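Below are two complexes that have chain A in common, paired first with chain B and then with chain C.
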Partner chain A sequence: MIKNTLKTIALISVAVSSNAELVSMDESNLANISGQGGVYLSGEFSINKEGGPLWEDGTRPYYQLDGNGEPVVDNSISPDQCNNGVCGLRLAIKLNENSEGWYVIDDLSGGMSFEGLTLRTVNIKSAVDYDVWDDNTNDFQIVALDEEVLQIGLPGKVTFNDFKFKYAVANNGEFGVPLADGTAFKQTEIFGVELNGAITLQGNLLLFPVD
Partner chain B sequence: MKVVNLIFSIALSSSLLVSPIALADLVLMDELELGNATGEGLGFALEDFVLSTDGASLNVTGIEDSSDNEIDINWTNLYVGGEVTEQERAAGVTKSVNVGSYLNPWVIQTVRGSMGDGENTPTYNETYSRVGSDVALLELATDSYSSNLQNSVTFAQYGYYESLGTGDASENIQTIMNDLNGDVADIQSRYNGVALFDELQDSITNSYFAPLNEGGIQPQELIVEGDQVDYDNAFAIEQPVYNDMAELYEIFEDTGWEANNNLLGAPRCSLGQVCNDSLLDNDIDNCNAACDTAREAYNEKVEEWEPLAEESFQTLSTLTASRQELQNRLNAKDSSGVTQYSYLERIADRDKFVELCGFGRDFTNCQSGLVNRKAGEKSSIDDIILSLNNGEVRRKGFDVGSTFEFTLNTTDQNGVVTTRDDFLDVKLKGLFIDGTSFRFWSRESDDLANPGAELNGELRLNLFARQISINACGDLCLVDPNVDGVFDPVKIANTTLNLDNFLISLNLGFGEIQPMKFSATSDGNFVFELTPPNPNAVGVDVNDTTAMQNFYDDYYANAPKSFVYVGDVNIGGNSIGSTTIDGFRAQYLRVQSRDL
Partner chain C sequence: MKKLLFPVSAIALAVHVHSVGALEALDDSAMSNVSGQAGITIDLNPGDVSIDALDYTQDGVTARMSDIFINGSEGTSSKITLDVNADGDLLFRDELGARDFSVGGVGMVGSTGNSGDFFSLRGATSAYDPVTDYGLVDLKIGDDGNGNLKLDGSQVGLFFDGLHFGDDGLEWIIDDLAMAAVINYGRLVVGDGSLDFDFGDENNRGLSLVYDAKAIGLSSDPNLAVGDYGDINSAGYLLGDTFGSLRVDLDAYGTLSIAAGGKTGQGITFIPALTLINDSVDRPAFKYTEDGYVILAKNFKGEFSTTSGFMLDFEEDESNNPYLALRYSDFQFAFSLDDLVLGEENGSSLGSFKGQVLFEDDVIAGHTNYLHFYPGGAIGNGVTQQGVTAKIGWNIVSADPLADPDGGDFTTPGSFAGKTAAESNTYFAMNDDGNWVYFNGFNGWGEGTVSLDLTSAPSSTPVDLYENPYVYNPLTGQGSFDDNRGYDRDNKVGTYDGLRIDFVDLKGEYSFSGVTVGTSEEEAMESPYMGGTELLLALEVFPSYSFTLNGNLTIAPGGRIDSDGIGGTQGLTLNGDLRVTEGNAAITVDEYGRGVWLTGVTYDLHMRGASLDVTEDGLTFNKGLTWSTIKVGNYNSSTGEIEGGIIFGAKDDGKNLGAFTLERLEDNTTISVASGGAGEVCIGGFLWASGGGCAVGDTNGNGIYDSGDSDGSVNGSDPTTRYENRGEQGLTIKVKAKFAEAIKPGEAGYATRDTRYDGKGNRFSWTQPNGTTLTLDNFSTSDGPEGGNDYGLNIDLNLDVARTAVKKDITPDDGLNNPVLVDSNDNAITLGDISTQGPLGFAVLGRVHFKQLNIDGLKLSATPDSTPQTLISAITIQNADIQANLTATPIR
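On to the complex of A and B.
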């Protein structure tokens, strides 16, 4: 089973009276507050940290096709052992309807946590136009705008806990299942990445529609 | 797409403060605002962005050595931030970077192809005019700029021409253009009176296909081909007989004969033995048996060979003569008219004209081709010089750094296996990737054996870096080998490969005519293919010569070319010079991975 832990933190700004106690606010005071609208998120999620539902015992069997062309477990081939007895997620994508090959992200597992991802709309009042030079200010021209954009504040630090995946190419979408014409399943691992620890990810991501 | 084995969930909770002065809240858009947002695409921009994996351990797995042992690859750092000057870098200053901006965003969008739409229709967009209007493309594009100073490709070309000669960039490219225009004028003056390119082309075709008795080239080529076949056949018959003859002569020699002055040319057969001429007719009557047998066998073979050699010689003489005649025809000149220049000269002039002026039909005007391309580059360069003189500056780019540490097994000559640490440090300083885009769309495969939809793509990659530094020194450049992390800057500088003013502008794929295709083979390897230009994809009748000529003219005139410029390559401060690969284009490319 996957354990999920959630942390949420709500930001509340409070009008502080002179004696700094928590007091209830009346309507007129509340009306003067321009709050930090938006969302502040912290989260932790993990993928298959303790294995997934398909390959629970940490092994991935190989199959053969029976008389009706249905896959059945092939006991003559020893199953694929997942690292540390924990099988990660497998994602396979075929780019062409007629090709036999699949691009695969395999053994994706691990945890990721972040704190301080913010989400809000911001009204852009001006933007720099790098294509036009303003001789008066001797800088790039500033264009006046009145546009709403979605601003996602990146969390600053994102911590990975045993996060890993492999990039591979395979000849079938399902692991271990041979092709309809009997060709054995084959997956070629190209490289894998393992990430552990905190990475710095700072900045603001603006999202907006374009024509 | 098949997704298996995935269970995860995130639950969010949020709190919102709503106040009457809702300056920055998520608010409902009214109809008028909604009407303005057509939402065909999503623009995004990153402000004050920094990515650094310094605090994390990042490993690359799955790479094995020749003994199938996995190599330990530690990706010790990946850094993406803002461009800093060398002084700032030495002082350890780091900056953030803006990736795109509101008015010049990175974009993910779907667009409709414009091929077949008239240029004046509102849906026409030249950028997508090579893909059919019955499909939508998915485009991922970085920021793009109309200002020549901000456009990194034109700016890099300006830098390239600045370094090329003694003047400024504009003067240097003008010198090149003057040479090119001179070449065009030379060709045009040779063919004074020719107004249309087709006149030159027709004279070439006429010379080639003229009858044999009128100096025709093709009939003579056929004669040469026939004579070549005759000679090859004669030689194929003669050669084994000659080889046998040479072998028999060696056998004969080994039996020990030597020239005997007493009998004219008659040999002794073995040491001490004399070949007898008891009949006194200057011919050998009596010799030891082995020598005699060998000598007779050799002589018979000579008699067999001599007529074959004569045949070979005759056919070779005929071939030489017909080749000479072909050369004469290729170089023949009349006294006047277009044909006062030989066939070979006219072909060289025609090819040079096409390279310089493109495929336009007007011989007196240079409409496209290299001259036109240089003129376009010069106009951008002039614009940049104007901007720089006006005090304009370029925006700041990225700094990207990546370091790897490899732990390898090495075996010395005694077979002792030890480990060795290797390092690779790559820094891209002042990096710009504006003008890059990837476009994808789907088409039915035209391979009847393999029907189905395929992913087609087009790539426009522009990468300009003020400097790329590559260093593999690692622990050998430490100040103190026992103290990690403190490097000697002089040693680092002496062992670094620097590529200054590096531009790669890679353009692969040209719409429906020449898409990029991605696939994977059934044995688990990926394939990337750029097909040859395909007339069937745009409905050109392959049997119609004129239509096919126009198809290829259009392809060669319009399919984009790729460039690589490196302003200066230097190692440890020693400059090797600049590198240029200018204007190349792949007509067929296939890249396939293999399991080693």
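On to the complex of A and C.
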């Protein structure tokens, strides 16, 4: 997981390059973001676009426990067939140690492509404090700052390609594995999401530490 | 001819001849062989030669070779011919006889070490071989017509059946070592206080040099007979596992001056301005072979130059310990090579590379370039203490980045006065499908003590071999270092088999300014600095780092991987216990030092059975069983303050994000470097199944994406998809991390656990500046519900340089937001122009994939000292294959 995190940092940080003085930006010059120093990114992120390494053949087996309590594939049950033969990522979280339930994001897959994401480190002189409302200006308070921030210039249009996942609950984190007492694996799918097409993202995202 | 005023009096050669074997009298018949030919021919077999000591003294400090013995009685005679030809050239030819020899010690007189020796030496040379011309000293010395000595046609060739360097009874052995130097063109000019060699130019290359070692290994048997170790491919080979073989084949040209006088007083100064070159398509310049795989470099060129020269002095330190000092206040080394092959000899090339390192003293900052060699290493055997201890310092420079003269917020590589940017920067560059990417603007300095020893491991496995000095407290989820635990630490030395490198307070610092790209060196040197050095993190190299290193690394022959993928007999095996303290490491940083920093870093690392091998996947580093702790910053319980930590902004005054600790336990994690580019990418759609294009989807419903599907990039001004092919050349870095799980008491499988894992784990904890601590406990990889841990967590990176599309509103004053495709000079271009005129970018195909990752829990506590509460009890992630396919282009 940590390697995963470091990797993400490494990829994101490809872009951090030079410093620019940024004053407040209005809508019209947001479009000019790519005309300044920094890095312009185009490409795509994808998750299990062509399947994953655990269920490469597009099926997910069910297991039974052997004499030592170790899971072995139960060939008497037909394996779960993934959509289009492509099995997505499965993320299972158990919140309470004493609970038997797992929250599951299952069969997560798809791609997200974009063109024109910009990244740079800039110094900002002011920021909006969303904790304080200013009655005089009838807006959130603007506070003075003098800080380095990671500025992510959003790409305008992001295209989702067959991006989908299912939200489910299950009695085990590992798919298809019975509990130690032999209770069969159960999973209930609550809803599914499928996303195709483009969404518009405009503006900047500023990342910086706060106390 | 000028007179050479060499202070010979300063160089006292004291030869104490103990006994000389009787010269064999030539009988009458042999005499006839002498007088019957032109010149003089002598068959010489001097018998045994024994010399007590051979001394060389500078400024009252003496280097000594002691107990020299040449065994001539078992060898063959040398045949020496001396003649003067019609041109007046002196011809000296010695066809050497076979000899065994030994030197009891090579060291310095007056050392406080047990022996005062760097090493001992044993060897055996072969007799002259007329086919290879090894075993030959052939000198042709004449006048070039300008009053200089002409050396054209001279050559020296030696073949050692075995050469043993000894250290306290252990030996570093080279089997079948051939060395040859041929002077095709050579002039010796006697200058004013110097000897100046001229070895021609690129079109008239003066020297041909060959170094060829069949095998390099180690032995703990000081009585091992020199020279005949058996068949290297048989199990009975006396050297056992080896490092592999190495051949270097280069021509050289340029000049070399040797001047009298060192940095201070007597000494010698070498001033090389030499180019090493091999542009042959048939002969590799370098070829390292192990277990059938190679590291091979073709079309190599390396240029060395220095203005001040390398100064060799003998000196004594404040404790009157003598040492050999080598200093250079400036030194430039530049190299280029067109084909680097890792893996199979006829495999694909990684592409072309070039690099340059500029050493230059910074006297004001106190960072100078020097090597002080003391006889005697860190480890002795109780009787002798041979080895080498070196106090070293270096300073590598690059010019400061150059700000955009038009006031833009970017910088380009800078230059020193009177030099171009290409001449003023330390860099490493690779060519990819005609485009160059430069890891540019490297600066770094360091100083400290490094010692070399041959050591052996204890005969039985020490009980503390796998001890972890970082002791984890499960009650708080935190840990601390216990300096009395561990195999090799301050107050205990634990040794392994091999060549041990000890680091003592080795302090250093380095940084890169960034990455630049271009279709030529000139373009790359004018291009804006951008990020990209962060990709080196995959190789566990930080873009910027300051550190103090202590500990040891022991290198032994024999890797872990051969052609079958396991258990090779050649390669390098690594064991070590290293600790970095006072570390400041950048995760990402710009040329002004702003970014994300890890400060106050302690990095404690232990490796057992790691290896470096050449495999079919390229160069592979297997971490063996490795456990480590990275502690970034520290929460001070008494003050409630974070000391050091994750700093956002400038290293010294940025904003603190808190401290973190990362513990890792890895078993057979591998990192490999191979060829391969970022390939094809489809932005906004899917690649065709056969490649070569992409489509928005399976529009014709035949189940595959192919040319029958509508591709928005072919027509239309606002394409739905865009296809880019970044080529197949490039660099591939693959990390296969296998996080192991230490089974705790009470857990299933505890009785049959791998006890080497005890006391270690994979954990991450983050303490925010207010003390709140988040702990990710016990993460590990597995191959799925049925167990196993072969697949690991994989990170694949393909690096490439490619042209891409950049959109920009080039008429911002018209009040309209109308970005159009532009080239690097902001001129509008069309979609079809991208492949030829689009701005050059740095392409990265990154992929993270694993079968299963288990995390035992996420815990939260008010401070690192308080009892944590469980936030998430367990996390399981299965079947992950996450890809990021990006092209990063610098923008102005």
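The rule is short, and it goes like this: the second predicted complex is superposed on the first by the 155 of 211 C-alpha atoms of A that agree within 3 Å, B and C clash if a C-alpha of one lies under 4 Å from a C-alpha of the other, contacts with A are read in each partner's own complex, and residues count from 1 in each chain.
As a working rule, a contact is a pair of C-beta atoms (placed from the backbone, for glycine too) under 8 Å apart; a residue touches a chain by one contact, two chains touch by 3 or more.
All figures in this text were calculated on a predicted structure; none of them were measured in a lab.
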Problem set entry | Touching partner for A:39 - first (chain B), second (chain C), both, neither | both
Exercise. Is A:206 touching the first partner chain B, the second partner chain C, both, or neither of them?
Worked result: first
Exercise. Once the shared chain is lined up, is A:77 touching chain B (first), chain C (second), both, or neither of them?
Worked result: neither
For this session: Scan A:91 for contacts with chain B and chain C and give back first, second, both or neither.
Result: both
For this session: Figure out whether A:195 sits in contact with chain B (first) or chain C (second), or with both, or with neither.
Result: first
Problem set entry | Which of chain B and chain C A:115 touches, first, second, both or neither | second
For this session: Kindly classify A:142 by the partners it touches after superposition: chain B alone (first), chain C alone (second), both, or neither?
Result: neither
For this session: Please indicate which partner A:169 is in contact with in the superposed arrangement: first for chain B, second for chain C, both, or neither.
Result: first
Exercise. Which holds for A:161: it touches chain B only (first), chain C only (second), both, or neither?
Worked result: second
Exercise. In the superposed arrangement, what residues of chain A touch both chain B and chain C?
Worked result: 2, 4, 6, 10-11, 13, 31, 34-41, 43, 45-48, 52-55, 87-97, 99, 102, 121, 147-148, 173-174, 208-209, 211
Exercise. Which chain B residues qualify as touching chain A in the complex?
Worked result: 1-27, 29, 33, 37-63, 75, 96, 101-105, 107, 109, 145-147, 150, 387, 390-392, 395, 445, 447, 450-455, 517-527, 593, 595
Exercise. How about chain A: which of its residues touch chain B in the complex?
Worked result: 2, 4, 6, 8, 10-13, 30-31, 33-41, 43, 45-48, 52-55, 87-103, 120-124, 127-133, 135, 138, 140, 143, 145, 147-149, 154, 157, 160, 164, 166, 168-171, 173-174, 179, 183, 186-211
Problem set entry | Interface residues, chain A side, partner chain C - complex | 1-4, 6-7, 9-11, 13-21, 28-29, 31-32, 34-55, 63, 69-73, 87-97, 99, 102, 111, 113-116, 118-119, 121, 147-148, 159, 161-162, 173-177, 208-209, 211
Seminar exercise, completed: In the complex, the residues of chain C that touch chain A are 404, 408-411, 514, 528-532, 534-535, 537-538, 587-592, 594-596, 648-650, 654-657, 662, 664, 681-686, 697, 720, 722, 735, 737, 748, 762, 764, 769-770, 776, 779, 783-787, 791, 793, 795, 804-810, 812, 815, 817, 819, 826, 839, 841-842, 844, 846, 848-853, 855, 857, 870-892
